[in-house]
Amino acid sequence: MKKKLIVKGLAATAAVAVGAVGLAVPSQAADPGVSKTQIVIGSTSPQTGPASAGYLYIPQAAQAYFDYVNKNGGINGRQIKFVAKDDMYNPATTQAQTSTLLLSDKIFAMYGAFGTDQHATVIDTLNQRNVPDVFINTGASQFGNVKKYPTTIPYLPSYAVEAKAMAYYITNTPELNSLKRCFMYQEGDFGIDASNGFKAAGMDFTTTTSFAATNIAAGFASQVIKMKTAGCQLVTFFGITQATAALLATSAKVGFAPTWMVTSVGSEPTIIKGILGAAATKLMNKMYTPSFLTPITDIGNPYVAQMKTLVEASGLPWNFYTYYGVNTAYVLAQALKAAGPDLTRKGLLNALQTNSANFRSAASVPLVVTTTSHQGLTGYWMGQYDTAGTLGRLTDYVMLATSAPTGGAKKAMYKQVGPTKKLLP
Amino acid sequence: MTTFIDYLLGGFSSGAVIALFALALVLVWRSTRIVNFAQVGQAMFTTFIALAVQVATGSWILALLAGLAAGAILGLIVYALVLRPVQRLDTSGSIIATFGVLISLQALASMIWGGDPKSFAPPVANDGLEIAGRIWPISWYDILVYVVTAVLVVALTLLFTRTSLGLSMRASAFNPEVAKLSGIRVNRMLAFGWALAGVVGAVAGVLIAPTASLSPNSFDILLIFAFTAAVVGGLDSLIGAVAFGVGTGLVLALVTGYGEAGDAPIVVLILLAITLVVRPGGAFGRGKSRAV
Amino acid sequence: MLEVKQLSVSFGAVRALDAVNLVVPRGEVTAVIGANGAGKSTLMRTLAGLVKPASGSAELDGIVITGRAPEDIVRSGMALVPEGRSTIPELTVEENLHLGGLWRPSAERKATSAEIYEMFPVLAERRRMRSDTLSGGERQQLTIGSALMCDPTCLLLDEPSLGLAPLIVTQILQLVSQLAREKNLAVLLVEQNAVTALRVATTGVIMNLGHVVRVGSAEEIAADDELRDAYLGS
Amino acid sequence: MMPSWLRNSRLLVHAPLFIAIWLLLSRLNVIVEPLMSYYIALAAMYATAMFGMVILVGLSGQVSLGNGALMAVGGYVFAVTSLNWQTVPILGMQWNAVWSVIFAGLGGVIAGLIIGMLAARLRGPYLAGLTLGIAVGLPSIAARFPGILGGSQGLMLTVPYPEGGYAVDSAAAADAAVASDAAALDQALSGASAAPSDSASSSSDMLTPSDVTGSTAPGDMLTPSDVTGSTAPGDMLTPSDVTGSTAPGDMLTVDDVTGAGSTASADPVPVPSASAISATPSGTVTDAGFVLEQWQASVSIAVACIAGFVALNLVRGRQGRVWKAVRDDPIAAALAGISPAASKVSAFVVSSLFAALAGAVFAQILTYVGPGAYGVALSLSLLVGVVLGGRGSLVGAVIGAVLLVGLPAAVSNLAGERGWSDQVTNNLPTFVYGLLLVVVVLIAPGGVMGLLSSAWRRLATRR
């Protein structure tokens, strides 16, 4: 009973906020995509084609979570209808699919739209139409600008934040700080954002090299030789997981064994194991990887345990992507719940902007979404792979930062709050 | 200097694989005057079959043999179903038809095996060899790839120039009507050409899979490089395909090493343009062929 | 002996050959003459299997060849030398020659090619060169040589004189009649150049608009001015 | 007396035709749903590019796999000029998006001239090879210039308004965002305890498990001990719960997900039909009373009509005959005094002009230019469109454009609900699309127009 009360209290807050807006604007028809019994949520991501590896599980996991919520009564009596479209990682297709979602499926909100170039083609439309654009799957910092994109809410910490966290950890770990540093990145938002982050944190490198995502099959021999010749001892790497696997394999071949520090989105262990086979654990041993979620292997954690249960019960593989997919879907469900029974687009945004600190999730860093700032998650802890190929958490503290062009990361403590009952919103 | 040699060796490895795909493209061109955009798709598909055999039996040799057989059969199927009914397609028609086969095969592979990249264990170690106290970016596995490439080029060259089968294939491709009037069973020759190309593509796929990873789209970029190499080499020339396939690998490696990775495609484009302007029929083409 | 019975060919609504009957005996040359569009080339291409007949048949030494694939017809002993000296330019002289009769045992082929090189010494001289470096007459020799490599019993020649100098035409046609006699070949020669053709032929056949208009001895037809004016337009 | 060029070019017939088409499409644009307007915008954009492909591939007989890259030229020129030259007056007039389109066309002409001169001597697959190289290489050049061309990330344009002009990022807005980000982070830090001490204080406005579940247990926060084996009446899932405890779980179990057990707290609510959703049109209105998609379509239609008009006059005019003559018999054409090389180059220039115009429209539709948007796939789809529509026909180009927009949308609904796995249903549309390409080329090598004209001929002969 008490639970209902609290939720109602939340809903009332949201309702007041919505009401205030409602006074300013003459009475309008209900927002599209929401009825008494249903909420329509849209999403675009690569589900087929070269860029789909791994990522295709994110919407599948979200769907599994929404199915679960629907089975348990939905949100404020509404069932979630989740329409996930395949854009094959092609920006033009993303736009066409988003138009279909907006104009034909009449979605209430976008959730988990994937890819930087892809999202660039629709972010204006979504914002112009006041469509909530929640938890976009890109680490590019440009979309976190609340002035330009008031309805867009990132979730992933930006690559700039990740670079700053890496820089903080390197600088404050003597055995790493003494090493000769090099930087390798994937062209695109990875490179630009990460470079900016390192620059802001005052970190410089002996050698910097890059690659194009489309060219992974052609091999990384030249990049590796370049870094080996330069005598790199610590390599920070920003690229997708397939690239990480190729980099590790090529480096092993030529006997290049620096200390690796790899971006969180480029180090999905099951994918690396799939590509490198038996050699994977050996090559990944001692690799540093920052992360923002509770370690996926920390099965004692109630988030991890329950999300794993949910994912596996839905017939999906348990990996970082399904973990991440369920986690963001869980936060969205809480936001929808907090937006109250009179669900509007403004109400959802308002719920996100006023309650972000209260949403439960497997994240181990604060979620910053306010009326003046849309940063999403704001930091990382540092982890390291062990001989068994699992990522262990090295720091009990977290390293928080903004995407700003100056200033590094700050050390902080963050204590996770437990999940809601049965992971229901 | 050692760095330069390192780059060359690294480029050689990727170049050899580009060369094998270029070789397969040349074979199809020689037998049916078609540029087979589906070639990398066929190679990918047969490599998945080879992988299944390797996983089931643990034997690389059996996997290779299964891949070769599957390559030949798939080549025949594509030829019989798609290309044979329309032997006189123009260039754009055949590009679209083979492109259609390519994306269908990729989608089919995704349906069967999923989109996640898979590993393919090499038969011999792929670790760089230690010579004179230094590890070089060349492994026994690379050497195996070079040997297979070299053997294939020599064997195919002999087949085409020294045997009546090769002569029949060339005649069938150049002028099917004259070939028929000479008593050659042209359709069989064309089908044989596709099967042979399928086999060479399968070899390329099985050889590259252990050094990269195997997924429905993992060979896409190689098609583009291989097509470039085959065109610059003169499309009819086996030696040209191999030389420029390896050359493309070397250019990519050197540009990436001494410049930026992103410059590599631009440099390849410039070299392609220069070669074609100087020799419109490709470097190893027979110069200007008859106008009519 | 080649026997053509009631052979008809249609292209859409157009009747290209209409119930053509012909007998080409071995050891002699039979010349088919007629104006452009008379159906001569269609006849040749149909006999060689490149065009499917609507009705009727052709028999080579008693075996029906119509309806069979070109490569099978060649293998059963009928070789066509097509119009326009169709050698394959990308291949060398030797390769072009050896295209013919690839299915035959190699010992036999070697013997035949030696014979042909003897017959056409210029081909032997240039055997390693690309065939498009040959002159028109030389290329015609190559095409005939390639047809002979198939060890035919019946030889079809489609306009061998086209575009050649008169002196060369005479040489080639004489060679053809010599071949017919010495190798006991049934030779069917299609020519627009009626006068020259009839000079080497035993029998003359005049075709017009898909019909056989007249069959007679070569001398008789050569002497008939009326026929010439009516059908040959020269 | 009419000047002869006017009489010969059939200008008088074609101009009213295209004005009529333009009026018809513009009318259609405002009465259909916004989604249809969006499709019209795309189809008209593709048609513009495809007119060029018809001239290049159909009339001039040159295969191109690189026209997508030429579209990129137009798109980038459009984006760069509209982002940077807004304050530059042209001929005394204020900057206007139309200028950007014109500059895009100019850029296309220059690129087409260069590529055309490279390509004029090449045949079939060699030309395909060169143009494929261009399709891959040219967008990479943009990635080399992060400053003006936005690098591999591309450039974003804002949604256009009819009254013209594109808003540029104001640096001030960005700075303000950065400042408030820092403030928000500090606030979050205070909540999360900025001090590097272990004793994190729970902020009072944090929602804790007890708030939700109603438990009064003292440990609201998750601590390692809670997880690793406390016996507290847990709101938490503990390993023992997972391994088969009988505790009345607050934890999610497999049965909760699959619904096999009876633990589900509520009966599933039936999924309402789509019609239950309020069908408010979701297009917002821009300042000029246009929905965004209608604005995009109106630009696209206007450019396509102008391009179609020019293309039709070229195709039906002397130049069209020259292209065909060179395609069919270059030697005869040369003997007739036509330069085959000049003819081929001119075809490239014209097709490149149309590609660049389409590229500018595409940039305007996408509100973005970047190497990823103008990749090899775009170039290939242009060839697909022109082959499907019918190589030598401008009407075929329009049909091809419609197919390019409609086919993927049509096949994407194929899988539906058939109980197949995601792995199958996700890939089925691409599989079918590929097969369709093959089948169409097999049964109708002349494309849709080829089918139509042979059907027409059959009808005509029967009569």
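Each chain carries a letter (A, B, C and D) given by its place in the written order, and its residues are counted from 1.
Here, contacts are C-beta pairs under 8 Å (C-beta built on N, C-alpha and C of every residue); 3 or more make two chains touch, one makes a residue touch a chain.
All of these numbers come straight from a predicted model, not from anything done at the bench.
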Next item on the list: Taking all protein C-alpha atoms shown, work out their mean, then name the chain whose own C-alpha mean is nearest to it.
Entry: D
Checklist line | Cα-centroid distance, subunit B relative to subunit D, in whole angstrom | finding: 32
Note to self: What's the distance between the Cα centroids of subunit A and subunit B, rounded to whole Å?
What the structure shows: 39
Item checked: Intercentroid distance (Cα basis), subunit C paired with subunit B, Å -> 43
Note to self: How many angstrom lie between the centres of subunit C and subunit D, each centre taken as the mean Cα position?
What the structure shows: 60
Item checked: Residue numbers of subunit A (touch at least two other chains) -> 48-49, 56, 187, 212
Notebook entry, point to check: Touching two or more other chains, which residues of subunit D qualify?
Noted result: 140, 143, 152, 426-427, 429-430
Note to self: Applying that definition of touch, give me each pair of chains that meets it.
What the structure shows: A-B, A-D, B-C, B-D
Margin query: So in the complex, the part of subunit C that touches subunit B is made up of which residues?
Written below: 48-50, 69-71, 74-75, 79-80, 82, 86-91, 95, 98-103, 106, 130, 132, 146, 149-150
Next item on the list: Give every residue of subunit D touching subunit B within the complex, in rising order.
Entry: 57, 63, 65, 118, 121-126, 128-130, 132-134, 136-138, 140-141, 143-144, 152, 330-331, 376, 380, 383-384, 386-388, 391, 423-424, 426-431, 433-438, 441-442, 445
Item checked: In the complex, subunit A residues that touch subunit B -> 48-50, 52-54, 56, 187, 209-212, 214-219, 221-226, 228-229, 242, 245-246, 249, 252-255, 271, 274-278
Margin query: Please output the residues of subunit A touching subunit D within their complex, sorted ascending.
Written below: 1-3, 6, 29-38, 40, 47-49, 56, 60, 64, 67-68, 70-74, 77, 79, 81, 86, 88-93, 95-96, 99-100, 102-104, 106, 116-118, 120-121, 123-125, 128-131, 140, 144-148, 187-189, 191-192, 212, 299-302, 305-306, 309-310, 312-314, 357-360, 366, 368, 370, 372-373, 375, 378, 396-398, 400-405, 407, 410-423
Margin query: Show me the residue ranges of subunit D that touch subunit A in the complex, using the header's touch definition.
Written below: 33-35, 38, 42, 140, 143, 146, 151-154, 156, 158-159, 169, 173-174, 176-178, 180-185, 187-189, 191-198, 200, 202-203, 205-209, 211-214, 220-222, 226-228, 235-239, 242, 249-254, 256-259, 264-272, 276-280, 282-284, 292-293, 362, 365-368, 370, 372-373, 375, 377-378, 408-409, 412, 422, 426-427, 429-430
